[in-house]
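Right, one structure below, let's go through it.
Order of writing sets the chain letters: A, B, C and D. Residues in each chain are counted from 1.
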Amino acid sequence: MIRAAIVGATGYTGAELVRLLSRHPEVKLVGLTSQQYAGQPYENVFHHFADQVDLHCSPQHIEEIVADADVLFLAVPHGLSVPWVVESLRQGKKVIDLGADFRFRRADVYEKWYSTHHDAPELLAEAVYGLPELKREAVAKARVVANPGCYPTASVLSVAPILGKGIINEGRLIIDAKSGVSGAGRKLNTPSLYAEANENINAYNVGKHRHIPEIEQEIAERAGLQADQMAISFTPHLTPMTRGILATVYADIQAGVKITTDELRQMYQEFYAGEFFVHVMKEGVWPHTKWSYGSNHAFIGVTVEERTGRIIVSTAIDNLVKGASGQAIQNMNILFGLPEKTAIEAPGMFP
Amino acid sequence: MIRAAIVGATGYTGAELVRLLSRHPEVKLVGLTSQQYAGQPYENVFHHFADQVDLHCSPQHIEEIVADADVLFLAVPHGLSVPWVVESLRQGKKVIDLGADFRFRRADVYEKWYSTHHDAPELLAEAVYGLPELKREAVAKARVVANPGCYPTASVLSVAPILGKGIINEGRLIIDAKSGVSGAGRKLNTPSLYAEANENINAYNVGKHRHIPEIEQEIAERAGLQADQMAISFTPHLTPMTRGILATVYADIQAGVKITTDELRQMYQEFYAGEFFVHVMKEGVWPHTKWSYGSNHAFIGVTVEERTGRIIVSTAIDNLVKGASGQAIQNMNILFGLPEKTAIEAPGMFP
Amino acid sequence: MIRAAIVGATGYTGAELVRLLSRHPEVKLVGLTSQQYAGQPYENVFHHFADQVDLHCSPQHIEEIVADADVLFLAVPHGLSVPWVVESLRQGKKVIDLGADFRFRRADVYEKWYSTHHDAPELLAEAVYGLPELKREAVAKARVVANPGCYPTASVLSVAPILGKGIINEGRLIIDAKSGVSGAGRKLNTPSLYAEANENINAYNVGKHRHIPEIEQEIAERAGLQADQMAISFTPHLTPMTRGILATVYADIQAGVKITTDELRQMYQEFYAGEFFVHVMKEGVWPHTKWSYGSNHAFIGVTVEERTGRIIVSTAIDNLVKGASGQAIQNMNILFGLPEKTAIEAPGMFP
Amino acid sequence: MIRAAIVGATGYTGAELVRLLSRHPEVKLVGLTSQQYAGQPYENVFHHFADQVDLHCSPQHIEEIVADADVLFLAVPHGLSVPWVVESLRQGKKVIDLGADFRFRRADVYEKWYSTHHDAPELLAEAVYGLPELKREAVAKARVVANPGCYPTASVLSVAPILGKGIINEGRLIIDAKSGVSGAGRKLNTPSLYAEANENINAYNVGKHRHIPEIEQEIAERAGLQADQMAISFTPHLTPMTRGILATVYADIQAGVKITTDELRQMYQEFYAGEFFVHVMKEGVWPHTKWSYGSNHAFIGVTVEERTGRIIVSTAIDNLVKGASGQAIQNMNILFGLPEKTAIEAPGMFP
């Protein structure tokens, strides 16, 4: 059995890790840390686990917790991961960071967008950006996995099949994304109140969201572009639903390129052939976030809009699963040589 | 492998059976019937199963479908089950009816409340009312299982531990129940439209809901009362959520009886000790339907209201799982001697 | 013009007072106090008033604010009203308290249920419980109006027509109530988060809610019962909607009384004849909270359940309007001799 | 008093017209037609009008209904307006069509996108596209007002201040729009069911929505472009809320143009100065649809994204009010020389 610890287990991504890992046939949960609830039975924090999860929240004793685990899932706010990663490497343990601290190859980009200092830039080269469909082999050999952000997961999957092929202008994508409220976590802030978020949709952090440089980094890499060639507009919206991200992506087709919707779909189908978690929809079918509810599955719809010379792609995932905890487990399965879909194979919940 | 067919697979309970059975390690889905979608790939009806369920909807050829299956799940409107049950019995197959046709021991009660004729009253004695926590042994030997209604499941579980013990006046319970909109099924009717049901709660079928006689039958049986001693008020409410039932039950404590909340909770804990799916909450914790979301788990909160001499119980389930498809699979597991929680052990999805 | 000040203007009931009063033809808003936002433009706190409300939030300078106003609306947490009421009386101004401090005729009841001390019990006799449909004349002569709680408004309206008439057992009512999340106000607490409240319903404060003694007081008064004869069960539920309260009330018909649903409805229609804001529904029509959305209207459905010997009533209001701010304006209109429906006559918003 | 008739009064836009017109001080409702409910009291169709609207649904007798009214509001599906418009013109009555039949200046565009035949193309020149903020003077003189679509209203308001000024590339706008479910009307179809639309967002009719040519027509006109220069991408999304549209618009800044966010906002503020219903938000504030809930107000946020050389605008309206019925009344007020905000001046409902 793989001994797993979750650092920051009482947020939503932590709870989702517990939900999925508690039924993983090869995993034993050995530690659930929480600053706020240390000492309390975990099932008192999340009653849906009543009689089902028999662990207490523990304080953040790094050395002991790392010693007791084979793999660590870090579900803490950005800026707090470095000591855990350092200690994990020291003890030779695997670590999967669900936060942003190890997603960037350049510390200066991280430091600029997150308005903070990176305490271990020398470790960034060690980390693998864990989007398994694109970097499976690298993940398999990694010691540190930087689990992608929710928006970047949906955004990058949306265009991966057509990057670097001379079809679209990758540097000037427009990504209009819509997220459920759980993306803001369990912390208390007024916009997350039911009476504020219900019956409401709004853009936020326009032009300023921290997932912008992450999206640009991954797309530039695959498109073969330099950072200064990237000018992606990414606009997130808060949507009145608990879970789900829908990314609708607009790409200008390069001058002179001829492509039909059928040809485009075929490219996507070939690219994602064999991918258990990625589903390219048929003609005229556009993904619904509810299809992915509670699951690690992603649904992608594509079209060529001949009238405008654009490709439009829309991708649905569950922000807490494929966008966070499910993908982290997918990465763990790869790290430990298990079948990649173990414990996360369930279809979405509909209705 | 158990070969299972779902009759009426394109409603919500049908889809939920597919979701859960598609990952049951001992079950192979062999038939999904649908009048409306016969001939179409099932994944075209429910896109969340894209690339995951490789079956077509088939027409309702009773004899062939029964022949091909070991167990039949009937998820059809009431009044349509008899031919399937008759044929299943003839061919020696197990059948689990998620509708009302075999829930009543007396045909006249069914005929009165459902305003219809029962075509096989002689088979009613054959059917076992499949609430496993109360009738596990009978289910194990049954050929026909009448899967309980969603409201009766929540209602009967709410009071089962204290029935027939001289504690409460069982004949005069008041049950105020709240259901998500999926309880109305996938059929088109104005009150099920989003713009009608959202931001809205209302009582409906007050004093007339068809689950009243079902609740009275099961409670009378366990309380040792006659039908004419039953005068339970049951009021269902349509609530703006997709899934979930909450039943809040009010019971007058019999004159002269002294009982504290602690004693009451202990009775519930003892009664449900060992029940994997039933969770009695601690002092001051009241069940949330979201805790049961997508799961077969039930959560029960109890209190003695000394000021009024009443016991108040509130029970949360997912109407589509413990209230329908999950419980049907629980019954199937019992029928076939499998561990009862196989394929339905997952905790609820929160948030 | 009546000069009105709102004390505690940046909560939800405060904002609702502003919404309605800003269009009252006889009212001029002269003060909006807020501890949290003092000094800020009100439209920066609530952007839906952009360019429409040209006032700043002011600090809580009691003497000045009272001096500047003809009427004060107190929308502050309980325990904070006394100084405002004392000063208003001293300066001869009218005051309408939307909180609980002046709702009880006996200070000891308030002190017990609110676990606090009442600083001016001698003023309780001065206050009129402002449920206009029942106490219009008293309100007209009052200096201090205690605006009813949201749940008590729905509960008392539900049974007022049949109290004290020997029809039901008033002392043993059961009231099962469902409220939208805005009832918890704009303060930050985990259960009010979208991801916690959405797709969820749960009972809370079972047997302990502070509206219990308020409901019992008003019903006892009209039924001619003593406090020790009251044993009403009241169970509130948190429901996934922003606004709305539905109270479903169960009353045992007294032994020997014969009454039909038609006779009952007629009693209600006669009792509420001429009431602009109260609507008794026709046979088989049960109130929806959405019908009252944003309005001061109440909808009441009634039935005699002959099978059980009970009367069941279900009443829908908007908790922020008829349950709070709208009713406060209705009281103000009465206090100042204006047509009672001025500025609050709008029908509900549907869908 | 202006005598007004609503043709198709039992859909959502019809009900919204009744809600707003029933309190219009200068209007008397004289006719509410409905094919489905002819002969029934209107309050039986929409119970929120109980005791408040005392009219019956009438059958569609065109000549009589036109004769009895001074102004007709047509809230019928597209393709059905021509006979009403012809008869209104014949009798010299004003007519406001909330549908698409008279929105296009070229019949061939209408016929292509709506896959139908236009029965009176000669009348198209007669109709004024009734977006009052842009065409107030023309509306004032019109006999036939074509009330804009909900998406076009939000889209055109989003960019009107910068059209034809050499700032952006108007022909290649990208508009990503999100609508509440009421936009689909009260008709029965599976995607409008609560259990389908709740907790879900999805794109639909990508590249094919009928509002595309309407948006292109109005933007081309103001930008001084020809139809063949227009290549706007417009993607609508179905969002889990009853009301509201949010349009997020992406515009490429023309080469060589320098503009800051402050300068851009100032252009918007000047353009909309004096417009009662249009609110340009301050720096960093992005519109929420909930702010416009139930109101005729529009909220616009703007920014210059220097990193990408784009302007991003996001506009929130209530699809049933500014996007339909409220704007229709605004047009009626103009037609009859009344203050433009009469009966529709209320702020949005928040929370």
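Here is the rule we go by: contacts are C-beta pairs under 8 Å (C-beta built on N, C-alpha and C of every residue); 3 or more make two chains touch, one makes a residue touch a chain.
Remember, predicted model here, so these are calculated numbers, not experimental data.
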Farthest chain (mean CA position) relative to chain B: D
Contact-richer chain pair [A-C vs B-C]: B-C
Between chain C and chain B, distance of the C-alpha-averaged centres to the nearest whole Å: 38
Centroid spacing, where centroids are CA-atom means, of chain A and chain B in whole angstrom: 36
Distance from the mean Cα position of chain C to that of chain A, given in whole angstrom: 46
Touching two or more other chains - residue numbers and ranges from chain D: 12, 180, 182, 186, 195-196, 198-199, 240-243, 287-288, 290, 293, 351
For the chain D and chain B complex, residues of the former touching the latter: 12, 180-182, 186, 188-190, 192-199, 240-242
Interface residues, chain C side, partner chain D - complex: 12, 15, 19, 22-23, 44, 46-53, 182, 186, 198-199, 242-243, 279, 281-282, 285, 287-288, 290-295, 297, 299, 320, 345-351
Chain A - residues contacting chain D, complex: 172, 174, 176, 178, 180, 195-196, 198-204, 206-207, 231-233, 235, 237, 239-244, 246, 248, 250, 286-290, 293, 301, 303, 305, 307-310, 312, 314, 316, 351
